[in-house]
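There are two complexes below, and they share subunit A, which is joined by subunit B in the first and by subunit C in the second.
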Partner chain A sequence: MNWSAVFQFIGTDAPTQGLIWAIVALGVYLSFKILNVADMSVDSLFPFAGIVSLTLINVGVPALLSLLIATLLGMVVGFINAALHVYLKINPLLASIIVMIALYTPNVIISKGNVTLAENMNTIFMTFDNIWNNMIATKIVVLALFVLGTFILIYWFFGTEIGLSVRASGKNETMAKANGINTNKTYILGLVISDGLIALAGSLYGQMSKHFSADAGRGSIVIGLAIIFLGEVIFANKSFKMSLISLAVGGLIYWLIIDIIIEIPSFNTNYLNLTKALFMTVIIGIYELKKKLAKKKNHQEMPKDNPEEVTA
Partner chain B sequence: MIELRNIDKDFVVSKTETNHVLKNLSLTINDGDFITLIGSNGSGKSTLLNTLAGSLKPTKGEIYFDGVNVSKLNDYQRADLIGRVFQDPNLGTIGDISIEENLAIAFKRGQKRTLSWALKKNNLALYQKYLTPLNLGLEGRLKEKMSSLSGGQRQAVTLLMATIRKPKLLLLDEHTAALDPKTSRKILSLTDNLIKDNQLTALMITHNMKDALKYGNRLLMLQEGRIIADYSKEEKEKLSVDDLYQKFDEAEDLN
Partner chain C sequence: MKKTFGKLLLVAACAVPMSLVSCSEPLTQIGILQVITHNALGLDRTGFIEELKDEGYEDGKNIKIITDIPEGDTSTENSMATQLATSCDLVFGIATSSALALKTAVSDANKSIPVLYSAVTDPVSAKLIKSNTDHGNVVGTSDAGPTEKNIALFKKFTGIEKIGMIYNQAESNSQVQKEECKAACQDLGLTYVDGGITSASEIASTVAGMIGQGIKGLFIPTDNTVASAMSSLKETLIEKKIVTVCADKASTDNGGSLGYSVDYSLLGKTTGKMAAKLLKGEDISTLVCSKSDSFPLEVNEDFFTATGIALPSDIEAE
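Up next, the complex of A and B:
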């Protein structure tokens, strides 16, 4: 084991991975936390976007445009996912599983199993690298800009009247409807944005690694969820703004931990998915425990209408 | 004026069994009416309220608001006409977001929601102006989460939310039943004041016969999906709780 290579790996991989998965976590946060549904389609949408993006570049489409097209296709997938529930009344979880399975087919057909960036073709990272001539710095700067852009955009959107109505629909459908909110529309809008973010992240991931295989991406939803829970464990989730910040920080910490685990000399990478699942279980365990304790404390402090009337 | 014309509401229980909850029910609600609605469990009170709100569609019959047929509209499409307060204080508000955000959602009821910022400085002053007369000290707590309020405080805010845009009809579904007696009294008198001050039209379900007699200008008795009595303000004033029980017994004997 070459330890200098290990340090180099930790020093380069965790930030880039962390930044990309922060965007995935943001997408999963919108479906899981705001709309209250588990969107399983993430597992095949993430590779779908990467494969589409690389394939488009290989046929001569500019890198930035391919990113845009893949993101838009992700939004279409989100619409189909939501429409299955809204118009065909399919249970949201089942609808997302249907979409997940369906996307495997284009993934295999487009990539023919594997897609690799053709020689002489440029990703968005290479385009910007001509300025700095330092690939690691370029990757981090470009990804950080995307994270900043998406997070600011999402923060802004959910502060608008329409964004607030999407949040209301996920939290309390009865209240939302009583206040004139069409909860079908807000559900569609929420999933379209969520899946657009997943596709953007998948596309960035594809362009960064210059390679995507059709069966990559399995377990993406687990990583996204783990980052959300990790963020909530670290930050005691105070406001919407803090929740968003916790996702970005959670993404970095998650990959730092995973990288450290991978670099344990005796670690067999065949155990990686099991490790991730166990890691997620531990995080959710801690999260639930913290919630339970907070509830206990809260219960004692629950405001009463007439404290003097309450007898022990 | 709100009219219910020959409303039937059936629930299919199984292939062979249908539950007829509302039976050829007709009712005219005049502008400014404050109706109290009483009836035993299963008499169709909540079904009637939900049918007016659009959460349930009538099996037969039509509903008119000022001559406009709204029977086919969903609840969210009728929300510009209707303000609602539910029995469960958690249903009318969202605990996870601030009081101000809750009010901002209600402030847009029946209006087009846009991409402009939901929390506006000007509205904050307006919300404070509305909250101050409640005497709950909430005007200084707008940034706090709704879940930090007690059940009574939440119902008071829900009432405000239901009336901040004047509705054609305010629907109150046993909205004080989950509160302790003292708070219940407070919320009821607050309700009464709000309705009087804003000259609202309201329909209130209650299980409390005394409240049914004390509040409002009209009392409806519902039994097995039919209106068995419709008392005016003058008739109501002469009634006692015992008279109401007697009326229910008579209706039962007839069946």
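Up next, the complex of A and C:
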């Protein structure tokens, strides 16, 4: 079966959007769920990486290298973000907002408002497109490889001793400190990885859409959070592995639902944001309700709960 | 796990028939993508649709028009562009980002349907087209305003030596006009004061700051962010007697003083005429990308009566 033809016929880009936003969701998952901090810098970092990547390609840097540079810069941003909290004791939410505001300036200066891929330059997708000459299929395959690679890497890393200590510090900082973990270091490491992932997704997105404007990232973190909750609602399983899988599937389903909403004949797109908000309320509502019910059930089964436990 | 797969199947089952419904239309489909709900861009769209109607193509009769407005959200914009590109026979992007999204979506879907654009200030530097005649499957109209002509208006008032320009830094259209404004100021011997903002909430304080620097005139380019917040400046501008030249009619009416403005409705009509030609079977390479060429002078009488500034006689004559 020719899947690319099917997607083309349906006219949806949910597979490609879903794959990229799965990486964003993974980054947000690491900060929001594992480190317990809302990282607002995502909204500026996502376009920053896309703009940097496209600008580098336009001056002649190979697509893959530009992807790598953008990701490394994202990691530097993550370090600054974490350092503001660790060394200057700024509240993590405020620190990430400071970074978000600061990044706006390089975004505007580099892009002059809007950056577009030059005519004769190749993105990472075009490089692979020469193989079978179907852009939509190429995008899906290349992005799937990136998603698979990053997810396996993250799964492996958070199973190592240092990865486990990052997860432990997010779950219970006092307990982690008591066990000899330097929680400052684990916090920095966690945010560096998280922001590196966001930057990777941003530069992939830039190369996919071939243009990026400086204020394009607005609401990125909200989409990331929506995918996390959607994944948790669909997959009841609580293990780390299942959480990761639920992010990948959640990304696809989120964009399928958005596409369906847009495609409803006679749907007035002025109502889109309200519809999205309602959609998110429903997902998060179900999530919270399920959590409450599960707690109740747990409470009946075992009266002593064990908050220090870190599930591997 | 069984339950999970059940839910997944449900989503997939909903997705396919929905999409099939909108794909099986026998009429010629025209997709319009407009980046954000906005007065000027709306005029552009209605002008386009009206002109098509005048040319004999009416929505629901012999064509079907699908309008998508992503409200400034880039990811949604790309999703909408993909849908329109795959299901339509002609697509129309209003403003730079929508036009670019459609161009990418059409080429990625391996199609060569015409992509029309409008309200793009500089289509060449945005890499939408190579030149007005070498444009591939993309054609349309630019909303570049007569910046130089507008800046020259300041010279007609006595005592204006320093002027400011307020614009959103993230809009490429405004960045283009900033350079034009700077150059015009230099030619005319005016001092330029930069007023770049990052969001609508900064407009009032930035204008106050520029007035503090002694500007006597203010230039408002075709900038979506500033246009949407123009009326909030009205009182300050009258109180401080700042002559404000605007490049679009709505801004002039909402608190500006005067200006040669871009007629977005006319721009939409010109683009609509191009679309009608393409629907009649004309080859896209014979069309030439155009700029708006008539810029009517708009004057906000209220400003001049409120401030007591006299309207120069040659402007009054126009």
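Basically, the second predicted complex is superposed on the first by the 282 of 312 C-alpha atoms of A that agree within 3 Å, B and C clash if a C-alpha of one lies under 4 Å from a C-alpha of the other, contacts with A are read in each partner's own complex, and residues count from 1 in each chain.
Everything below uses one rule, namely that a contact is a pair of C-beta atoms (placed from the backbone, for glycine too) under 8 Å apart; a residue touches a chain by one contact, two chains touch by 3 or more.
Predicted model, so just to flag it, every value in this text is computed and none were measured.
Engineer: Touching A:K112 in the superposition: subunit B (first), subunit C (second), both, neither?
Structural biologist: second
Engineer: May I ask you to decide whether A:N134 touches subunit B, subunit C, both, or neither, giving the answer as first, second, both or neither?
Structural biologist: second
Engineer: First (subunit B), second (subunit C), both or neither: which does A:G219 touch?
Structural biologist: A:G219 contacts subunit C only, not subunit B.
Engineer: Of subunit B and subunit C, which one contacts the greater number of residues in subunit A?
Structural biologist: C
Engineer: Tell me which partner A:G285 touches in the superposition: subunit B (first), subunit C (second), both or neither.
Structural biologist: After superposing on A, A:G285 lies clear of both subunit B and subunit C.
Engineer: Figure out whether A:P62 sits in contact with subunit B (first) or subunit C (second), or with both, or with neither.
Structural biologist: Neither partner.
Engineer: One more residue to check, A:G149. First (subunit B), second (subunit C), both or neither?
Structural biologist: Touch partners of A:G149: none, neither subunit B nor subunit C.
Engineer: So in the superposed three-chain picture, is A:Y104 touching just subunit B, just subunit C, both, or none of them (first/second/both/neither)?
Structural biologist: After superposing on A, A:Y104 lies in contact with subunit C but is clear of subunit B.
Engineer: Tell me which partner A:I234 touches in the superposition: subunit B (first), subunit C (second), both or neither.
Structural biologist: Second partner only, subunit C.
Engineer: Please write out, lowest number first, the residues of subunit A touched by both subunit B and subunit C across the two complexes.
Structural biologist: Dual-contact residues (subunit A): none.
Engineer: Quick one: which bits of subunit A touch subunit B in the complex? Just the residue numbers, please.
Structural biologist: On the subunit A side, the touching residues are 157, 159-165, 167-168, 171-172, 174-183, 302-306, 309.
Engineer: How about subunit C: which of its residues touch subunit A in the complex?
Structural biologist: 4, 7-8, 11-12, 14-16, 18-19, 21-23, 37, 67-76, 78-80, 82-83, 85-87, 96-97, 100-101, 104-105, 107-110, 126-128, 130, 169-175, 196, 198
Engineer: Which stretch or stretches of subunit A touch subunit C in the complex?
Structural biologist: 8-14, 17, 21, 104, 107-108, 111-114, 116-119, 134-136, 139, 205, 209-219, 223, 234-236, 249, 253, 255-260, 262-265, 269-270, 272-273
Engineer: Which of the residues in subunit B come into contact with subunit A in the complex?
Structural biologist: Residues of subunit B touching subunit A: 53, 55, 74-77, 79-80, 82, 84, 86, 90-94, 96-97, 101, 104-106, 108-111, 113-119, 148-153, 161-162, 179-180, 182-183.
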